[in-house]
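Supplied in structure tokens, the structure appears directly below.
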Amino acid sequence: MTTRPEPPVAHDDPPRFLPRAELDRLFGALRATGRTVIGPTIREQAVTYDQIDGTDDLPIGWTADTAPGTYRLTRNDGVRAFDYGIGPTAWKRYTHPPRIPLTVSAPSPVGPTVAPVTPDAPPLAFVGVRACELAALRIQERVMRAGPAGDVDHAARRDAALVVAVECAVAGSTCFCTSMGTGPEVGEGADIVLSELDEGFVVRAESGPGQVVVDALRVDAASDDQTGRATAQVAELRETMGDPVPTAGLPERLRAAIDHPHWAEIAERCLACTNCTLVCPTCFCTSVGVASDLDGQAATTDRTWDSCFSLGFGRVAGDANFRPRVADRYRQWLTHKFSTWWDQFGSSGCVGCGRCIAWCPVGIDVRAELLAVAPPHAPAGPIPWPVAPPDGHAPAPLATVEPARYVETEVTDVRRETNDTVTLRLATDDAALLAAQPGQFVMVAQPAQSAPPISISRILPDALELTIRHVGPATASLTAARPGGRFALRGPMGRPWPIDEARGRDVVIVAGGIGLAPLRPVLDAVLRDRPRFGAVRIFHGARTPADRLFVPELAALAGRVDVEFAEIVDRAGPDWFGRVGVVTQLFEHATWAGAGATAFICGPDRMMQATVRGLAAHGLSADRTWVTLERNMACGVGLCGHCQLGPYFVCRDGPVFSVAELGDAFTTEGL
Amino acid sequence: MTLAAATSGRTAVPARPRIAIVKFASCDGCQLTLLDLEDELLAIAERIDLVEFAEATSQRSSGPYDVLFVEGSVSTPEQAEEIVRLRAASTLLVTIGACATSGGIQALRNWADHDLVRAAVYPDPTMVDSLATATPIADHVAVDAEIRGCPISPAQLREFVTALLVGRRPGLPDEAVCAECKRRNIVCVAVARGITCLGPVTRTGCGALCPAYGRGCYGCFGPRESANGPGLARWLERDLPPADVARAFALFNAWSPPFRTVIDEAGGPPGPIDGRPTPEASDAHH
Amino acid sequence: MTLEADPVEELVALGIAADLSGAARRRLATIARIEELPAGKVVLREGQPTLELGVVLDGRVALQTHLPGRADLTLMTLDRGDIFGWSAALGDPSTSSVVAQVPTRAVLLERDGLLDALAADTEFAAVIYRRLFQAVTSRLVATRLQLLDLYASAEGRA
Amino acid sequence: MHTTEQLSGGPDVADLTIDVRNLTRVEGEGSLHLQVRDGVVESARLEIFEAPRYFERLVVGRTMDEVIDIVTRICGICPVAYQMTAVHAAEAAFGIDVDPAVAALRRLFYCGEWIESHALHLYLLHLPDFLGYPSALDLARDHRSAVEGGLRLKRAGNHIVATIGGRAIHPVSVRVGGFSRILRRDEIRALRADLEEALGLAEATIDLVATLQPPTFRRDMRLVALRDPSAYPMNHGRIVSNDGIDLAADAWESLFDEHQVAWSHALQAHAPDGRPYLLGPAARVTLDGDRLHPRAAAALDRLGLADEIAHEPHWSIAARAIELVHAVAEAIDIVEAYEPPLEAAVAWRPRAGRAAWATEAPRGMLFQRFDLDEGGCVTDARIVPPTSQNQAAIEADLAAFAPTVLERPRAEVTHLMEQLIRSYDPCISCATHFLDVQVEELS
């Protein structure tokens, strides 16, 4: 399936008028299109969006008083159905549900198979979508279709939904759509727009499917007076709301405030409870859970809402964590919403609905925190990474949406590299897999295990090699694989090393420890085409001689006259006659000039940072110094949010980056 | 040895582990949860050797155990000795429930004068042999994993046992109850109704049970990671006297540090007892 | 003798003596010599007087420390341009043993002459101390990285 | 099982010492102390040394809603009993009349606990004794369908408790004045399918019990239970006995008293005449048989063991089977008739006074009394679980039973002692006891 087809245009006829007494006609007309109607109704002392049957279910005569940390349903004894303040439910519940099945694994004669679950998207009609919520639907649709592979589940659900928007006549004290440019006037994306007057509704069809429903109402055109009052009432609302959040330059101001002491102050109050992110209509982050039978054969994975406020969200294998402190997590959320969202998707991530303010259990008001951490006319400090919204680096293109593909491969060779690392050769005839580029990775699915991202360590005509270190349960069973074993691969994913960019130039390759694995395809490519490159210098460091990977290949490299190869180990016993020390020593006193050379670096963060400093001293330019980063890459296509690093999704925009692209994001703690 | 190690294939938890379930001061509810897995109990029993589980079988074993599930808190001198013996006999020690993990409801006595408490229940306290404190297992020996809750959740126990048998990390999230509340579309009782709710500082696992039943979370799964007890207490004290805030925290996980801090700052749990921990109580924790 | 056989020129080429005036270079020449160190040659011994300060020209030397009852531990190896034996500039005993790991050529500055020169010639001292300070700094950085366990990683991806 | 046996006082086997630690398949842990000399039982004591948890003290200063949440932690097997007793006590003290729908739900709630607790004891703890297995898990190897049936019966009981209270153990919805939220009709009706199956399983249990052959041990025992004017006793009733006791439930303390014995952390309850009394299914079936649900009454007729239930402790398994049928059948009736209350809980104000009540826990009458200050907070409390009331009766029966089996091999004697103790379904956690079968050294 490709991006949503443009619906046929509505006829160009004047708005109709639906008398209040006839409102049920709308529900009838919607159901006549085979849709279940979701709309506002009162449950558990709040207005929530649930399945409704008709007018009687609407919160007529009710409104809500909202303030930081409080929401109180109150009678206003009016006749209107849509004068309630926005409640806790966001429409994403129906377009991006809190929990969906992802894959099913079943035993089979040739071993367990992994198959994606095709989405079940019931046709729905959303009644009572506000301007800010419509903007949120647009923003989330952009998010869920961005990147190399959009989300098939979201696409199916969004396409199956018909949106009946309602223009606001009242605003809550927590509303600030006027500042975020999302309301109160209803923008694009609705199929039908209602404006509520005391005597009824001015109805505009804005799409073909919407027109079908409006025609079915069989009501007259609205009078000029009615359309006039509808326009006036929303204009008046805009006046009363004003512009509570000065957004001019906000993305840059937030960037410059990355080390602001106020983050720590907020962390004193913030409970990191995740409420703000889960009520937010645009927050999209998810995690994948695994369930299985007692034998680990029949298994399922499902995808649930997650939040950058939960510790687990920043956790990677080995239990390291990118955002250990609550201050890190709040900073991530706020800067993502109002700043890096621009870099990623070309818009703000906030629509000003105010849910995060009202439903924060300790009343933290994002408007106040923004003013405290990034006040208007704040001295624009240094930008920590070189992209400047809103016209910053182009947001990822909209993806062709197709379900995740899992390709069954068979282990044809297992080579033990070290006591905890093996190289698996996985045979496949899948063209997409075999077209993998150096630096790309695959997700390796096994029943009853999470699917870790694994770099490709060699690309062969009929197979891929993966070099895997045992760091956790999932890699444990991978490193225990035997020839004949089967694994389902998803990929290839990620941005490859820019090898072509290095043609005609000197090449410096620096590998640390397991980091040699993602660089091995670079070596293959460069050596295969040796004459097309200048001087090739390869520096390899390992913890001990016993930790060296691909030992025969290292020996062969050492024997070549057309490359400079040196290696060094951190610690060695008496039986090691090579260099001892750190990898940077290998070129510390070297006399070659690095200017114009291209560097490819992979290893643990500390090693890469030391190497980048060392190479810079040799004159290598930041935009030709390439590293590959480690993050908690879960979905592999920029949809789950786990691997964010400042403006980037490591899985989608990387994992290969130039040091120039990363800027301070390469060294800022807790980002 | 940690659970991660145990489930990472690095540690020898055999395909058919020898499992023991023992209890200290507790209500039996957590070990009964295993028997409450009515649909899986027999299948699980076929895949493990349940060598010690006095509640359910007359077969006994004094060890060694591959996995030892411990219910209850340490409340008598004998128990303080027994847990050391059991730890030595076990590869993996897993605490089940609030008593074993944080002391349980009986840990409220840790704030009190032990003799007063004893005298209140027993005419002749000298006949009763108990420690001044009820303390978590981790205060006495190393603990490899915790299954939280008062009582533990059958689903989490099932997940833990399955992960153990399959060799993967069990999915026992340490996020706040709020996350599950929102996923379930339960309206926040704190925000919409002003009900005192410990959800934001309490670990999920119950499925947001109390809010789903129209009341505030009472913290029976204990503090979540980075639980900001004081932060929540400061907010609650806008409407409640500190004593009533402490009241909310002073239940089954009162002795867990994030909750205890709040209780101590309010001068101790409800009841006419000396608000400061007894020397033994403070020793017991540090 | 060829040019590169001149120890001062070698040190200039390595940048170590590049900033020295002619006079200072002449002073350097009086205390510097080039020596061929056969593999296994112990140049300095841990705890003994540091009789020379050296600079590796070719080959490799190992800095070693003695572990009672065990093989000496190689802390680090040094290549062309690396300085060893800097305790000589302080008149202190050597903090580690220096052993040629392969046949090695090195410039050696004998201690007493070096101390005299550093005391007598402030311009000479300023340049040499600066070089030594740079060497110490980069050695500290390298040692720190070793302490941090440079290759330790939490990565799940291999 | 750790069993040591010593001969002492010469070859006379009638002098013996048995030491069995950690009696199994009872809730909690404890020991029996038995001393026999010259064939005469000198002492038979149920020793209870489980770590005391001081609940009477923990509830001081707490509101009655908090008390409901706290006392339920006394026991993981019968949490509903503790909640029901406390909530009725509070409502009586505060003068609260709850909605009839709430009253019906609470009875359904209690039925759920009876089903869960009786199924657990009958199938998983007690049945293996009769069929000669160390556990129900071993029993399942040869009689899988029977054990599975018992588990499904238990699940049906847990399903009721979890539906009304949120979870099977330490449910959360019971509040003074009602429940924390309104239980919708569809939620309650959803129990129907499980219960229909459970009724069949409960009646099949009757047939299973009919095939059992327990040891013969007959005695006369004072039986005490609640008597509800209109129903089989659960949440309400006067305290009655088969020898004329008849008093209001809140007056328990006016007749009975507890005293401490050196060998027990549970306070033993006694009537003034010192005659032990037995609570529980056998007492209820005997004293309230005329209030059984017709299905249960029919089952009792079919089984025809009314006299054995009254006089033979081993036949308590039959009483439990009868009550399983009753609880399931009544649960179905309540589910059928359920209409939600108008409000989850009625509003109420605390007042100073005394809150005392007794209900029928699965193991028998549970009494609680709380003295309350003006704010409705507890100033003093007393909690008397059924097992500590049964303790004296159990010891009397052990003393009477032992001589009848002394000639048998000692391992068998030990097993018979354990089996007898299990027949009372002692809830050691409730009584905070530590049960431990051991025998005094003979000097």
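In this document, chain identifiers A, B, C and D correspond to the written order of the chains, with residue numbering beginning at 1 in each.
In this text, a contact is a pair of C-beta atoms (placed from the backbone, for glycine too) under 8 Å apart; a residue touches a chain by one contact, two chains touch by 3 or more.
Note that the structure is a prediction, hence the values are computed from the model and not measured.
A.B. asks: Please work out which of A-B and A-C is bridged by more C-beta pairs in contact, and write that pair.
C.D. replies: Answer to which pair has more contacts is A-B.
A.B. asks: Would you mind pulling out the distance in Å between where the CA atoms of chain A average out and where those of chain B do?
C.D. replies: The computed centroid separation for chain A versus chain B comes out at 36 Å.
A.B. asks: Rounded to a whole Å, what is the gap between the Cα centroids of chain A and chain D?
C.D. replies: Measuring from centre to centre gives 55 Å for this pair.
A.B. asks: Could you grab the centroid distance between chain B and chain C? Build each centroid from C-alpha atoms only and quote it in angstrom.
C.D. replies: From the centre of chain B to the centre of chain C is 61 Å.
A.B. asks: How many angstrom lie between the CA centroids of chain A and chain C, rounded to a whole number?
C.D. replies: 52
A.B. asks: So which bits of chain A are touching at least two other chains?
C.D. replies: 319, 471-472, 474, in rising order.
A.B. asks: Two or more other chains touching the same residue: where does that happen in chain B?
C.D. replies: 214 - these are the residues of chain B that touch more than one other chain.
A.B. asks: Using the touch rule from the top of the page, what residues of chain D touch 2 or more other chains?
C.D. replies: Answer for chain D, listing residues that touch two or more other chains: there are none.
A.B. asks: If every chain is a node and each touching pair gets an edge, what shape is that graph: line, ring, star, complete or other?
C.D. replies: Shape = line; chains linked end to end, path left open.
A.B. asks: Got a list of which chains touch which?
C.D. replies: A-B, A-C, B-D
A.B. asks: Considering the complex alone, what residue numbers of chain B touch chain D?
C.D. replies: The touching residues are 23-33, 35-36, 38-39, 41-42, 45, 50, 54-60, 72, 75-76, 79, 104-106, 108-109, 112, 116-118, 120-124, 127-130, 134, 150-151, 153-154, 206, 209-210, 212-215, 218, 220, 247, 251-252, 269-273.
A.B. asks: Using the touch rule from the top, collect the residues of chain D that touch chain B in their complex.
C.D. replies: The touching residues are 1-2, 22-25, 27-29, 49-54, 56-58, 60-62, 66, 69-70, 73-77, 79, 120, 124-125, 128, 134-138, 140, 144, 147-148, 151-152, 154-155, 158, 165-170, 172-173, 175, 179-181, 259-260, 262, 265, 267, 344, 377, 418, 429.
A.B. asks: Going by the contact rule set out above, which residues of chain B touch chain A in the complex?
C.D. replies: Of all residues in chain B, those touching chain A are 4, 7-10, 40, 43-44, 47, 159, 161-162, 165-169, 171, 173-176, 178-179, 182-194, 197, 199-201, 214, 225-226, 228, 231-232, 234-235.
A.B. asks: Of all residues in chain A, which touch chain B in the complex?
C.D. replies: 43-46, 48, 69-73, 87-89, 93, 98-99, 268-275, 278-279, 289-296, 304-307, 310-312, 319, 326, 358-363, 448-450, 470-474, 476-477, 480
A.B. asks: If you look only at chain A, which of its residues touch chain C in the complex?
C.D. replies: 316-320, 421, 441, 452-455, 457, 466-469, 471-472, 474-475, 512-514, 517, 541-543, 547, 568, 570-574, 576-585, 588-589, 603-607, 610, 630, 632-633
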